[in-house]
């Protein structure tokens, strides 16, 4: 139960991470059986934010960014910081200076179940962040925590090296060891959806297309031509 | 109390719907005596979203979009889907494939007291949606519900065929049978506001313009030149 | 305890206000010892909103904008309205007509712990507003309140004439009499941060730069090369 | 769209109301097809609160209890007030004096989508209230509203004369004209549940009792003896 | 702007504090013009909690109770701690050991805009607490703060030595220098309410008693005997 | 990623579980380094609720209690159900019939990140439940899920067989393999606290007792006798 910083973690294959990033959060979430999604209060700080990266996890005291500084040292290009404070807070634990440091080390972005500040600067830098609040409230650098340990962030369990995908729909976590398989399932899903899209675009109805008429009948849903007064 | 899909509903006159759309939510809400407004947690998923349409209502299990598919079949061009799950949920019950299907049938947009996904795609398509959350969490197609029955959506009572107007200020419902009268009252209000705007723009004060000085005096509000220490 | 409108207040020096505006909320909040920040639910209604102004405060009944009208008369160019209803509400107490009136009198923007409406118009006018909700729900003009008295707005204590700075990170209040000193401290902070930025940009680590290695050791945080299975 | 007070409403049969009250909220909600439930933020102000009554509805300005006073006059013994402000508020619109007046007229309790005060007194009086907040914040008596019109209260549509049942599980609304039928279905449900209770109490499993083993198999849920490491 | 602990504060007269305590939160809030009420999310941790005391204020880092310990030393019997963290938190900053220490020094209770723990023990001790959460999450003793400075707690401005009254309806703050006058106004209000209570108990209607019939007519509220179908 | 029900799990020693239950949530949370606490919105449905049990975990669709039924079969006396729906919901997924079934099988209580119903009956049975809502909203028995897999419940990571302790302060999870060690650390903590309690009860100050005077000085907190006007 002591605090520790783990220097080396295993990461998913870079091509797989890239593929998952192109598939997007909704597709991946479906592809892996609707697991790994963070709670919907995790929002990107600007609309165009997108990320696909390997997670370097940070467990820390809320309102204290000491461990975020410590985490940057063990990151590699292509990583994202996943910061999980030990209790609820909206303090702005990360800002433009930390983003500058991240960028200097190839860190792609930040997922934090707390607040961030300098949000206009982060947007101008195109440094993608998913957070639960925007707040100028600053932090101390005083409390112990851990880097690259298992964390729960916004309701999702994240292991160091897991793949993190974020876009406008939120953030999803893919287990490192399942990443290639999920990417394959995601590709299959995209292909299938492309066919659905063409048929729906042509005007075919979902109730026919997905064979739902029988389901509706079985559930006892009746069709009536016009509502009559009760 | 059985579940049913009502095929034919009466709709308001298309010109009236268009007029209401041009007037906007705040004006209409005032024009009809400050009624029919949905709760402010219903937000457009992109800033430019606007809609004026006839409501096809959907009552369904949260996390289940079977009845949305069923509803599309009974829509006409110019309709909007108004989806009211039977209990609270933020699941993403609607995404880009359903929007593609909606568009193929002339459906103008979606009002949903739940979540939506593929929000970047919906924005790119300019398919307007007002929702209470954005979430990649997908849904099943398994539970009975009803289409074109009375529903309560985000605190507003909606009947099939009612006019739905949505913009940056939220969503307002106009009773179908009152639509023409509300449009007339809205037009009068806009004309009156244009006069107010000119006078206020010219520097006239609201306290003079609206005759509020007497009110302030009657309420016992005192003017003092400078605050003295208590 | 009677309601009153105070006509004359002292304001901070205009150059100091301008300087504070250029420094931004996060810097100022730090410069004055992390005080004066409003709660993070106060959000700008459009991303580019920025303000630096002297506060004319309004204490009023929620859902009643009589006192906002009264407040405009005692404003000077360069002021901002800070509206604090006496209990919680999301009603849209301010809209485009009031903004037109404000602008005619040189009022720079609005901070309101309630809702606003006509948000698309306010955005088009570039009239900056920080609010807790957007809602078309209109208001009456019926209840007594006060102008230029001490108020608590979104958790921050505001005195008439205090300097209000707002940007994407939220809203911070600077005591009028401390404004020049805070601006000086803010400038020092910006200078110091510029140096930090250059070093971090060059790849120096925060743990070295801020001397945090000793802190980590003192706190008992251990470095391990690789996680071993528990 | 004018404001009005409707003096006479139809009510459900008193015996039916009493029967529904004995069945409780969860049973009734099931019996009528899971409709009519208010949102779960409506909580009783003390644990023993229970009510079964005919609704006298009040639509009013938040923070204004004028129409509650007006409503008391048109109530009969056995009624409950159902108060729906036109926008969100937590103000304490009802207290011990109003409860004293209600009791003098045989009014059984209060359902209010806002706050109440004097909660200790209301508890001591055993005057049951379901509210969304407890707040000492008082109100004015200044704005028009309506009594005995259709309202939406906490997400449920309520017509004057509908039956209101409240207990520890929340509040449910039964359409007046459906009350007898719902009471009959509720009684059947209670009888059926009593049988289930006996069998479950005796140790029979729900998976057997409700025939769920086939369902689990059909859904592809596998049984494994022990988790093996992934 | 440095942190400080102020040893001596002025307090209101003990008899006045006692009188205010007997009057209760709702009465006092009315008596002083509906000011000074904390937000309704401040709830007593057990139903019978009541307090009337002089405020010793604490401004501190969330999740850090160092300054609470420091505050106890400067308290006198009859005081209450009013703790306002500088940003939002639900951490349990106070528990049974601190309550034991408080009681040893005659401190009557706690108002805290954060969490508390050991809630069952605090209840057993009858040590009254108003808080925004109950949470076992512990705290550090590491950050500077201040004692007996002006604070904003749950939306209310509190000065050291102000009178704090708490009961089931929430918490209200009375300015120390206004306490005697507020107690006098509260007593008058109670007397007046006793008369109202007798008349309402006897069945007199509020619309007659408060003279509201004219108001209703003036506002255009119409009486109709029965609702006719629209 | 398929759904599965794991029949056999390892559990902690029954004596250790009992010891942890006697220590309580706050003590255990401290003893294990402030980890494993569920979010504070998880509240007991009645004040006297207490539990110490081995976790049988359930991952399920919100609003669907099929998997709860399936889980009961694999429970042993002394277990608690820990139910984690895959997305947010307040539906009442558990009621008195399920509690009757649980009791027949020796299951001690329920932790559920959703709603429960029949709360008065559950209280009367003294069947302890920690939930995020009370709601009569019933559920279907239609969707696949898993039993005895790793879940995230209310922000805490729970493995099958972990020890769950719940009381008035919330819910904490102890890793099965760490249970004995945590119980030992908890006992040490209780002993130490008993000494602190005696000294604090005798009037010794925390600032002396915990040696905080040096800390305050080091942090630059100044003592002043009386506040002078700024």
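Letters A, B, C, D, E and F mark the chains in the order given here, with residues in each chain numbered from 1 onward.
The rule we apply is simple: contacts are C-beta pairs under 8 Å (C-beta built on N, C-alpha and C of every residue); 3 or more make two chains touch, one makes a residue touch a chain.
Keep in mind the model is a prediction, meaning the values are calculated, not measured.
*Asks:* What are the mutual neighbours of subunit B and subunit E in this structure?
*Replies:* A, C, D, F
*Asks:* More contacting C-beta pairs: B-D or A-E?
*Replies:* When B-D is set beside A-E, the one with more contacts is A-E.
*Asks:* Degrees of rotation, nearest 5, to put the Cα trace of subunit B on subunit C?
*Replies:* 120
*Asks:* Cα centroid separation between subunit C and subunit D, in whole Å?
*Replies:* Those two chain centres are 41 Å apart.
*Asks:* Averaging only over C-alpha atoms, locate the centres of subunit A and subunit B and give their separation in whole Å.
*Replies:* Going by mean C-alpha positions, subunit A sits 30 Å from subunit B.
*Asks:* At least two other chains touched by the same residue of subunit B: list those residues.
*Replies:* 2, 34, 37, 40, 86-88, 90, 135, 137, 142-143
*Asks:* Flag every residue of subunit D that touches subunit F in the complex, lowest number first.
*Replies:* 24-26, 29-30, 34, 37, 40, 43, 47, 167-170, 172, 193, 196-197, 200-203, 205-207, 210, 212, 215-216, 219-227
*Asks:* If you look only at subunit B, which of its residues touch subunit A in the complex?
*Replies:* 2-9, 46, 66-67, 69-70, 72-73, 90, 92, 95-98, 100-101, 103-105, 115, 117-120, 123, 133-138, 141-146, 148-149, 160
*Asks:* Can you check the complex and tell me which residues of subunit A touch subunit E?
*Replies:* For this pair, the touching residues of subunit A are 61-63, 86-91, 135, 137, 140, 142-143.
*Asks:* Which part of subunit C faces subunit E closely enough to touch in the complex?
*Replies:* 1-2, 32-35, 37, 39-40, 86-88, 150, 152, 155-157, 178
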